[in-house]
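To start, I am sharing the structure in question, which I have written as structure tokens.
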Amino acid sequence: MSETEQNQANKKLIVRLVGIVGGMFLFAFALVPLYDVFCEITGINGKTRGKAIYQSVEVNKQREVTVEFITDINRGMPWEFKSLVKSIKVHPGELNEVKFYAKNTSRKDIIGQTVPSISPGEGALYLNKTECFCFDQQRLAAGEEVEMPMKFYVDSEIPDDITHLTLSYKLFNVTDAVEVASGATK
Amino acid sequence: MAIRRKLFASLTALLGLALSGVVQATADLNMRPGVTETSLEAYDLHMMVVWVMTVIAVVVFGLMFYSIIFHRRSKNPTPATWSHSTTVEFIWTAIPFIILIALTIPAVKLLIKMEDASNPDMSVQITGSQWKWHYKYLDHNIEFFSNLNSPQQTEHFEQPGIAAEPNYLLDVDNELVIPANKKVRFLVTADDVIHSWWVPELAVKKDAIPGFINETWTKVPKPGVYRGQCTELCGKWHGFMPVVVRVVTEAEFDQWVAKKNEERLAAEKAAAEAAAKSWDMDKLMALGKETYDAKCAACHQVDGSGTPPLFPAMIDSPMVKGPAKDHIDIVVNGKAGTAMAAYGAQLTDAELAAVITYERNAWGNNTGDKVQPADIQAFKAGN
Amino acid sequence: MADHHPTGIKRWLFTTNHKDIGSMYLWFSFIMFLVGGAMAMVIRAELYQPGLQFVDPNFFNQMTTMHGLIMVFGAVMPSMVGLANWLIPMQIGAPDMALPRMNNWSFWILPFAFAMLISSLFMEGGAPNFGWTFYAPLSTTYAPPSTDFFILGVHMMGISSIMGAINVIVTVFNMRAPGMTLMKMPLFVWTWVITAFLLIMVMPVLAGAVTMMLTDRHFGTDFFNAAGGGDPVMFQHIFWFFGHPEVYIMILPAFGVASEIIPAFARKKLFGYSSMVYATASIALLSFVVWAHHMFTVGMPVAGELFFMIATMLIAVPTGVKVFNWVATMWQGSMTFETPMLFAIAFVILFTIGGFSGVMLAMAPVDFQYHDTYFVVAHFHYVLFPGAIFGTTAAVYYWLPKWTGKMYNEKLGKAHFWISMLFVNLTFFPMHFSGLAGMPRRIPDYNMMFADFNQLASIGAFGLGLSQLLFLGIVIATIRGGKKAEDKPWDGATGLEWDQLPCPAPYHTFDTPPKVN
């Protein structure tokens, strides 16, 4: 090979290799949505899906699944937050509604965000929420209290070995984050 | 040559001495079998793999040492010339493959069993935070924090003999109490960073992940005290947040639940009484120092110097020297996005008032402010 | 052949000579090895007995973090790149690396990257203290301010590794002497090409992960923050997608070294050359689908755990093939046991022990008991110290006559080997037991029941640390006043660098391509 041929061959190979490097860098970021898809398929982490649309199906009256509600408040969040029912038994396929209660006990306006998580993780595939406060952030004025509805149904496809679902909501104070973000856009 | 032999002899002697020392000091070189069905099965599986690996090691290293001894140049001056054999290579690809697949079968069975937390008799929510555990009995109205039994945490350097205590670093103020022979489900989560809840003898280890909930379970056949530790690096005092599980008979558990409920009512009453009266400076400072050293000093240091910038100093801090209401706010509610926890529910109103007063007057801060339990109540009520 | 080269500081600053750059990489990695080793001494001193004696727990965490980062990115990886620089052009009959100027940059980035990383120890709030795996949110929301310097440092060393890897690939693909077909290349070259591909595949992913950390810390994104819809577990998935291939990046070149040295001293051709190449490639491919075995306790669905468990155990098959091939190479050979051979044999044995504990760790239901204990620490130190580092040490003894033209002192070399062998086992073997007894990793203090094993490990570590100074002494003594080496100091050695070049190899080699038979 002559020197120019050699250089050209090198250049071609380098371009390809740099292409792989760039591609893999982007792939790292693509892992973020891919991970969500992966979670949705496998139920890793008990991440729940977004808003579901309820289609009335035949309710399986033979089966009962216990759905338990747990609430948790993260540090730095001066709210009261609890589920008004501890747990209910539901039939797969039927639409249910439960209510949650929140009160801002501080003397400031605060924006809260609840993050849901379901255990066992596989159960997340079968618990569908048609209406949930966790889809949005809540802003409560000082001392304000609110009752928040959550509508859901358990998919009738749910495997027989899942008899118990625990739906946990963790409440975070996102006031600073929201204000920083809106400050940035101003 | 003589020197070499002597050196070799003394080395062997030294090694032998070291080994016998180990054997004497700790009879148990192996994994602890534990007490639950799953832990015993995990132990059996562990032993099985250990033996399989040992056999493979004996065969492979045996051949190797045979070769090292008999195929050295002094014994075998002309090396063989072969360097390839498809049959042999196929065989030693296939055999390990079969062994490994055989090993996975019992592993799969056990794994499925360990991950099946369905149909529990009771549930406990476990929340990890820097650097303590919080237990919440979902079927009983009980919840509490479980801290390393002080004073080990903050006064480490000053207590030389403390490491000799049998349960050093494995003892807590409030143990997790569960009944024997009941399937107890644990819902594990965290408040700040990732922690991991582990009790070796129950073979339960689950990561506590902020914002997410993980499920695991145990069923302990015999009463006893089982100790473990946090096993995911969670910051400065990661090595100082033990887990202690006390397994009791069902009757004892019921008694314990009743007692806990009584205690809660009594504590509420006492707290209300303490909060109702007005405290003088000396009493506030005394209780304040006690509370501060137990709860705050791990991060902000006994002398209030903090570990800036993560854990700010208390001395001349604008927060401590500023308006009392902001100070109360941060102690009661914590600060989002930082390591500062909310102590509003962890401490009584009197303790809160005392620790705030202490911070505002100790280490030369001398603001002269007195914060009364009534102020805390007023703050919590939103006035 | 002209053998002049510039002198003084300029020679080293502006050099584009693969031999000079290889030497700089090797010296740099040895300095980092001593720095990281000194941190290990701090760790072992603190763990010598229960109670907090020397350091504050926060500083202890900084030590474990920096020890890991420096050893992985500063000692092991650059030492492998150093070997690649010295050996690959000579072994494939090329005059130099394909991209000599880039070669210079990729080295000179490193001292700055590590100066930055190490300077974080003196910053307010201290150095990174969240472990070399830097799990979010401990490394984001709860991390010290110096984390930004850590992120920049990781970016820089990542760029350096990627440039090094591109250079290796281009050199091997385009610069081979006529007749040097791919399947004639020495195994060291093969393992390095595969390593280089792993590097360009996963270093960018690491760069992505630290970039997300940076934006989470400063620009309001929530990749790893549950409150904003992110997920801390996702960090672990991304990290280990990089992290597991990274393990093989550190060990594959050492496989290559062993595959050069064992045949040389057995005076017998490497057994199963092509199966060695295929085994290396399959290890590399499998390394992309096993990452979650580092995170069996995060709460994965059973199906996921099963997949990662079985995939991980499969890696043992090609790894086993390599070990068997090495033993078969020795079989009916005519072996002598000079220092490089001793290190290579110890490498095979001790690395295999690390492999055994690896299979144990792969079994998910038992891994719940081993995970994040000293058992894991024992496992990966067995793979890394007697694995990667013994591999490099063997390489240095083996090629030192080629590099310097001088012979090292065989007696001292053997002493170095036996002392290292004793202490490496004394340091890391007891860790298996403390792990099984239930001691979590990354703790500065522990209960009395773990005391004996820790004391042994600490004694071993001090001895191991000191014995590496002997290595330094041997190398310096060789360079300064070693006996003149013959052109072929090892009668069983083969390959272009031994057959066609004198000792020391001249500054410029193979300006005209050699004949390959």
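Letters A, B and C name the chains as they come in the text, with residue numbers starting at 1 for each one.
Just so it is clear, a contact is a pair of C-beta atoms (placed from the backbone, for glycine too) under 8 Å apart; a residue touches a chain by one contact, two chains touch by 3 or more.
Predicted model only: the values in this text are computed from it and were never measured.
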By the document's touch definition, which label belongs to this structure's chain graph: line, ring, star, complete, or other? complete
Quick check: more C-beta contact pairs in A-B or B-C? B-C
Averaging over Cα atoms per chain, report the distance between chain A and chain C in Å. 39
Gap in Å, rounded to a whole number, between the CA centres of chain B and chain A: 28
Provide the C-alpha centroid distance between chain B and chain C, rounded to the nearest whole angstrom. 31
Contacts with 2+ other chains: residues of chain A: 45-47, 74, 115, 120, 170, 172-174, 177
Please output the residue numbers of chain B that touch at least 2 other chains, ranges allowed. 115, 192, 209-212, 214-215, 337-338
Hey, what residues on chain C touch two or more of the other chains? 226-227, 231, 233, 298-299
Chain C partner contacts - residues on chain A that touch it in the complex: 1, 6, 9-10, 13-14, 17-18, 20-29, 31-32, 35, 39, 42-47, 74, 113, 115, 120-122, 170, 172-174, 177, 180-181, 184
Sites on chain B touched by chain A in the complex: 115-120, 123, 125, 127, 129, 138, 187, 189, 191-192, 209-215, 329, 332-338, 340-342, 344, 380, 382
Contact residues on chain C for chain B in the complex? 49-52, 57-58, 61, 124-125, 129-131, 135, 137-138, 141-142, 144-145, 226-227, 231-233, 266-273, 275, 295, 297-299, 302, 305-306, 309-310, 313-314, 316-317, 320-321, 323-325, 327-337, 345, 348-349, 352-353, 356, 359-360, 363-366, 368-369, 371-373, 422, 426, 430, 433, 436-438, 440-449, 452-453, 456
Applying the document's contact rule, which stretches of chain A touch chain B when the two form their complex? 45-47, 68, 70, 72, 74-78, 86, 105-107, 115, 117-120, 142-143, 161-164, 166, 168, 170, 172-177
Along chain B, where are the residues that touch chain C in the complex? 11, 15, 18, 21-22, 25-26, 28-32, 38-39, 41-42, 45-46, 49-50, 53, 56-57, 60-61, 63-64, 67-68, 71-73, 76-85, 88-89, 92-93, 96-97, 100, 103-104, 107-108, 110-112, 114-115, 130, 156-157, 160, 162-170, 192-194, 196, 198, 200, 203-207, 209-212, 214-215, 228-240, 307-310, 337-339
